[in-house]
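Next come two complexes built around chain A: one with chain B, the other with chain C.
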Partner chain A sequence: MIYPQRVDGLPKITGKALYVDDIPLNGVIHASTIRSSCAGGVVEELTFDPTFDWTPFVVVTAQDIPGLNAIKMLENDQPVLVDRVFRHAGEPLALLAHSDPCMLETALRHVHVRETPLAHPIFDIDEALGAESTIIPGNVYTDYLLNKGDVEQAQKNAECLIVERLLTPSQEQLYIEPQGMIAVLQEDGVLRIEGSMQCPYYVLDALEQCTGLDKNRLQVVQSTTGGAFGGKEDYPSMIACHAALLALKAGGLPVKLIYERGEDLRVTPKRHPSRSLVRLGANSEGELQFIDMDFAIDGGAYRTLSPVVLSRGVIHAPGPYRCANIRVRGRAVATNHPPFGAFRGFGAPQSIFALEVAMDRLAAKLNMDPAELRQKNLLHRGDVSPTGDLVGEDCFAQEILDEALRVSHYYERQDAFRVWNAAPHDTLRGIGLATFAHGAGFTGNGELYLASQVFLQAHADGQVEILCSNTEMGQGAATTLVQIAADALKLPLEQVHLAQTDTARVPNSGPTVASRTCMVVGDLIEKAAQRLLQKLRDEGGLAQTFTPAEFNAVCLRMQESGKDLLVSASYQPPVDMLWDEKSFTGRAYASYAWAAYIAEVEVDKLTLETRVLNFTAAQEIGHAVHPQIVQGQIEGGVVQGIGYALYENVLWNPFGVMANDRLTNYIIPTTADIGPLQIVLMEKGLGAGPKGAKGVGELPMDGPAPAIVNAIQQALKIDVAQIPAMPELLLDLSRAQRGSQCQ
Partner chain B sequence: MSVKMQINGQEVQVQAPPASRLLDVLRVELGLKGAKEGCGEGECGACAVLVNGQVVNSCLIPLGQMDGAEIVTIEGVPGDSTLIQAFHDCAAAQCGICTPGMILAATALLAEHPQPTIDEIRWGLSGNLCRCTGYGRIYEAVTQASTGDTHG
Partner chain C sequence: MAEWLRPRHMNEALQLLAELPAEQYQIISGGTDVMVAQQLSAPRDIAVWLDLSAIPELKTVEVTTEGIRIGAGVTLSVLRRHPEVQKHWPMLAASAAVTGAAPIQNRATLGGNLCNASPAADNAPVLLAYAARIEIAGPNGTRLLPYEQFHLGYRQTDLATHELLQAIHIPYLPAGSRVYYRKVGTRAAQAIAKVGIAAWIHFAENQGIIAARFGLSSVAATPCVLPNVSEYLSGKRISNIHESMIREKVSSDIKPVDDIRSTAGYRLEVASRLVWEAIHCAQ
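Then we have the complex of A and B:
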């Protein structure tokens, strides 16, 4: 055994871990949500059939909300329950609960909703931007501009110019455990919420606002979480508020609100669809002269997290390239879709897809190999980054591309595929690449505002507990954080434990998002560990070097003499981290991880089905705290990226709701689709986290889609400007291409 | 109706309507929560159990068909089995919600192919979705369990 085993491994593997639906409850009542059916409009009437006996039911409408009827997020625009006006289909109007799920189903048929629909719902980004009817003024939630140099001037001098319009669809997180919450009003007056979530303190804040209860009467506990990928960042606040409102009227009975798969797919937030207009200019040598992108994402009907998704998308849009003139305009647009939200990558996969596919078009126009074009333009130490920041020592864009080209045998494969394609085979083959960097942690000053805090609590028996609000959702945080603490404390792993994420006990160390847990929170835990050792030395006489037994003895002595064994650490921004949110200049992230992904694909000439033959994912990640967990994270992310590139297609019904709301028709990769992947880790130890680690959770989502599309373009010699690259799309494109050749 | 089954080696008698889903009988009537509901329509494999040695999705099986059946759930797989150890060694469970079903599908696979090739593993597990792992650590775990080779 080389690596420590996952601390959460055995309970999960043996089926003993309790997910929200598994928690034993006495006298539970089951809840259901009544929703709007039109794509925006007005609820004229909500009637509970007077001939039906409602006494055994708990019923909640907007009138029952003791606090503010708004989900606490960046803006208070999204109602907890619709009162009259609503913006999308599937919005919650009322809640029902009963001990018997069958009775609940019967009762739902006795609730009647009369709606006046919106005359012209909007579902398209460009339509929203030009529409006269508006959801919000101008239909733009946020409008950002990253502007460096002078694009207009550079355009005049560019010798080679390309213009592209690229589209990415929505994507469903498809955690295998649907969302759910349990709420109970306890005898001590505390309203306790337990469920599947990423961010307990978001839920706590939302509950405080909606119930009007004091925080000391609210408790939020995370149950074992069956996958999240961003999908359980904001929406759990909604479900928790609903369960809580029912619990307040349920006379102490626990309320269980678990979504079935279809409901989860229809109403919870997914990846933002995007539309990018990209113009790139280069000189005849292939040196980028300007990057100009108009990047727009569909935010859906409420603002939710769109501004932050947009800012990450904008900052990642110019890629890891040296370019003096950059203009990225980013807009998050209001439509009548259910709100889009967080999904691994958070805006970056969309803009990186646009840029990287455009880079291949530029290479083609320059008659240059795509790898060579990138070699010419990648950032090096001493360059100025797209946000005007000086690129320091921690830059490995070039090294990682070289490594990816080497291990994938890029040039040999290219030659081999040329030979293959010239021969009479049933398939065509292609190889494509994407180079990119992903910033870890909150964007800009986000970490500063968060002011995260962690505690370490030693006990009399020498056991040490980590108290933080960051959640294990499969990514391995529990193991990684324990490992970081144990390492810093010089104690065996078994002596350190991550406390259950329970807001009654743990401080707010920020949300579990943005690849920040290992890097930012891990760093705080390392600092707290040093403080704990210092405390034990100063107050308990712990020696400079010690055995676990000596550590335990000091803890016992201190406890007996009434000394506390608790230390904390809070986030302090690095001194060189300056970011100006208005002009999008400065240091956007504490660290970037660098990556080059290479896809080899084979497309069936007849069916136009694409198969990934080989996939190389090379990344510089600073330091792998637990290489096996890192490997699993990257493999998982790459496969989600392959799904995004080839299969995953959210279709919309006429009301703007996901039409393929089942696992039979929303297709994610299975083992039959995915062969082994080649994962290459480079560790240079210069990141902001423990031992120079950087966040890796989101990075692998960025590269697969552009690499695969670029490979398909090489194979078929057609331009593909959108994903998923399904056979139908490739067929249309091939026909159009042949058509235009005949003219 | 009354149905008699062998569950994890024990004789069990259940009183329930014949159309009840085996998944609900296991989870609600018998408290065996290791089988999970991921989709409720036979697509994800999170609810997989072994019925007479075959891996089936218990969300699709009506209780009425189970009279006399021999059923194994994750609770019936010994904690020290090579497969469970291999999944643990290889960090093949991330969020873990798919894992009990995977273990049972892999059990059936190894019963049929004690030394499966990578293609046989891929084929054998293709009814079980995992959204976290990208399947790499799972292939490794099944291979390790079949060869006893532990370089993890």
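Then we have the complex of A and C:
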């Protein structure tokens, strides 16, 4: 099967695509950010050496902000530039720009910052919850409770009970292209921002608030974006505001603010670290009686997106299981780390890790195979979901687990590994699994509030443009959206184009996050395409079936007779989409994709290094618009998940900033670390997207870590309560276990 | 503006070097360490770059009756594929093959790996275990130094200001030799070592150990040997070697630290385990 070529493929592989740092500019000035050093405190003095000649520099401080000194996000708590009080190391205090990067370097040495540091900065979730000194009252940004049934009562009746404390670390998105923006105040008075981003309208809103300019004087354009993974959801607003403030003072010169890799790693948001206390109870048959989880994520020093990350984490915490009594308390906690933010999975990988590892502990205690325990508890059609809505036809938890067990030869491998481990080999082997579901689109009423809109514009030559604010960032959205439109319009792919994401032209179809682009925006494009055809039929006499030439002829005729060729489609929630944010009840997502991931690992007996021998990722995704892109998405997500499970270890310096800020010491897996990946796509066609498609972007991030940890536990017969499962950790655990066995 | 000097002969290089002001020049060959350091370290004013990449004498590999002489500018790609190296000094072919990635190996030189003097240098343990000697050229001629004496402290070598590392000499191994090499990195490829070990063990016909020599990386301020382990093993039969004694001797020989890549505890334990493994599994 030959799938359509990626529309962005050729310019990228030939090097013709221009990433933000490649864009040619005349008279550009380069910008740099002066930052706080301490983990919170007060800036007593910011001095620009009076003996140094500052005239050729553009300098911006908090006093230069024409609008509100706050990054537009859920709450206006994060300053664009620190005025006096700050909460973390690496906060922007002032901006400098000059045409010569070397001069910029020199000038930075002539800026002196005197800070009074915070007496007791906090870097740990539980410390923050118990601390007397607070960053915000109680150090809790958001406190959610998902409560179903009666956990206390169920606990009395449970015959088998486990209690676990599980930890997940931060994780860096590690997009290949570091973040950056270009800003220029044009002669027509429009402030134009171009750069690497996921969400142009977030940037536009942030610019409006910070510069005080009217939206018609602001233009945000997405440049070719080299990966994002959530890392370019909120922070580009910060960089764009900085570049814009400099541009407002730069007399029309373009300002370029590009982060070097180390700066990007130190200051931009990463995955929220989490701490979960999990209690599970079952009867002797292995049927879940209750799920009780205290789930806390480290939000860092400002609220940013933490409440929504938390909400997704809480909703995904009970997994795809039938259980009458569920209590999940979720808290996003304030610490003095730089704020944590969006990263593929968005809270779900954290809580799913906790639950799935706990499920294996429960299985062990019940003396039951982990697959069997899941078989007994997976949701089926007609069950009530953890958030209290009825599970409809679109539920394939059981089918996908069966498929994963079958294609991975789960039980045969288990037997083979038992034999292997009994023999004198250099390694121990194990097989582990995770079953989960991932909700696509914004949580709850999020899509309703977004009120996304797309346009399709046909031209006189029959070419059709998709106008939407969703971004291609390497994931394949451009091709997928073009394919959806071409398919609905019954036109060849070459005739449909995705317009450049430019807020001066495209409507707001929402951010490119939350596995929503193909499903939600794709659906709008499909609807718009049907409207376009209808319009051409009604107003131009297009026949029911037509050739591209006939389509073109109708477009030309309509254009010549002065008729417009523009249609739009806006989001309408499904009728059964009812969600109560306060009680966490109702339908949380339009669609869930269902998955079962199985990891086979071997651990070196001497060095405790873990290698993934085979990995099976099976998922029901409704419909794969472009199976090759879907496969690529899933393979990439699994690899990122393997990194999360085994290698990626964000270390903190004494000021709470990432210490291993180079690619030589922040370790992600290479192809040499990844065994064969078996990707299984099941397509039942019941999702909310085109032809029943569901979102898949985030899903593959959820499963690898628990599956791998469960496999390691099987191999070594030890309990692993945190990731990454580095050799150092496994060595300590296996020595402690050996020690306890000797006693 | 910095000056870039690219001599064509060793003598020319030494002459140029003799005239350069200390502290203001940087010697460069493949550049795979130097260029990265340039990017990352505090800016240092380098007035002159002395580029050794055009000197043919540094690129030669000569096999003699005593062993092999490898020019300091020979790349790791050449070494990993060199048939004589693969046959007689397989640990060097192996260590060259796990240094960085292929594009790095195409540029990086053996001499550069030693002069960069990282405690984690991938090829250092092998040269220690093979009892390599290094040939150093200076204004007053050349001298031969056991490689073991080259590293004086963290990132400090015995190389004087106006000297250049010219070649590395490795002798043939006596009959009854067995070797073992393993790099434990942060991942399977393109990794910096947490522990690297090379071992040469000389067995007598009766399976007693005549002599043993080990080279380790990343477990001390410099690549290091294990004198106490070697002394303990000398003259012992395998059955008389005790794991607890190996552990004790390794502990007395190395000084691992906690750093961004691993822990002192892990390094000590794994070094001990790998020494034990080397004694029993060397081939």
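Note that the second predicted complex is superposed on the first by the 741 of 743 C-alpha atoms of A that agree within 3 Å, B and C clash if a C-alpha of one lies under 4 Å from a C-alpha of the other, contacts with A are read in each partner's own complex, and residues count from 1 in each chain.
In the analysis below, a contact is a pair of C-beta atoms (placed from the backbone, for glycine too) under 8 Å apart; a residue touches a chain by one contact, two chains touch by 3 or more.
The structure displayed is predicted, hence computed values, not measured ones.
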Classify the contacts of A:R611 with the two partner chains as first (chain B alone), second (chain C alone), both, or neither. second
Mind working out whether A:T664 is in touch with chain B, chain C, both or neither, as first, second, both or neither? both
Using the touch definition from the top, say if A:A672 reaches chain B (first), chain C (second), both or neither. both
I'd like to know which partner A:P727 touches here: chain B for first, chain C for second, both or neither. second
More chain A residues in contact [chain B versus chain C]: B
Considering only touches as defined above, state whether A:T51 meets chain B (first), chain C (second), both or neither. neither
Determine, under the contact definition given at the top, whether A:I13 touches first (chain B), second (chain C), both, or neither. first
From the superposed pair, tell me which chain A residues show up as contacts to chain B and also as contacts to chain C. 662, 664, 669-670, 672
Chain A contacts chain B in the complex at 1-3, 5-6, 8-19, 21-22, 24, 173-178, 224-229, 260-261, 473-476, 628-629, 631-632, 634-640, 662-664, 668-672, 674-677, 679
Could you pull out which chain B residues touch chain A in their complex? 27, 31, 33-41, 43-44, 46, 73-75, 77, 79, 84, 87-100, 103, 118, 121-123, 125-139, 150, 152
Touch list for chain C against partner chain A, complex: 40, 43, 184, 186-192, 194, 260-263, 265-266, 269-270, 273-274, 277
What part of chain A is in contact with chain C in the complex they form? 105, 262, 606-607, 609, 611, 647, 651, 659-660, 662, 664-665, 667, 669-670, 672-673, 727-728, 731-732, 735
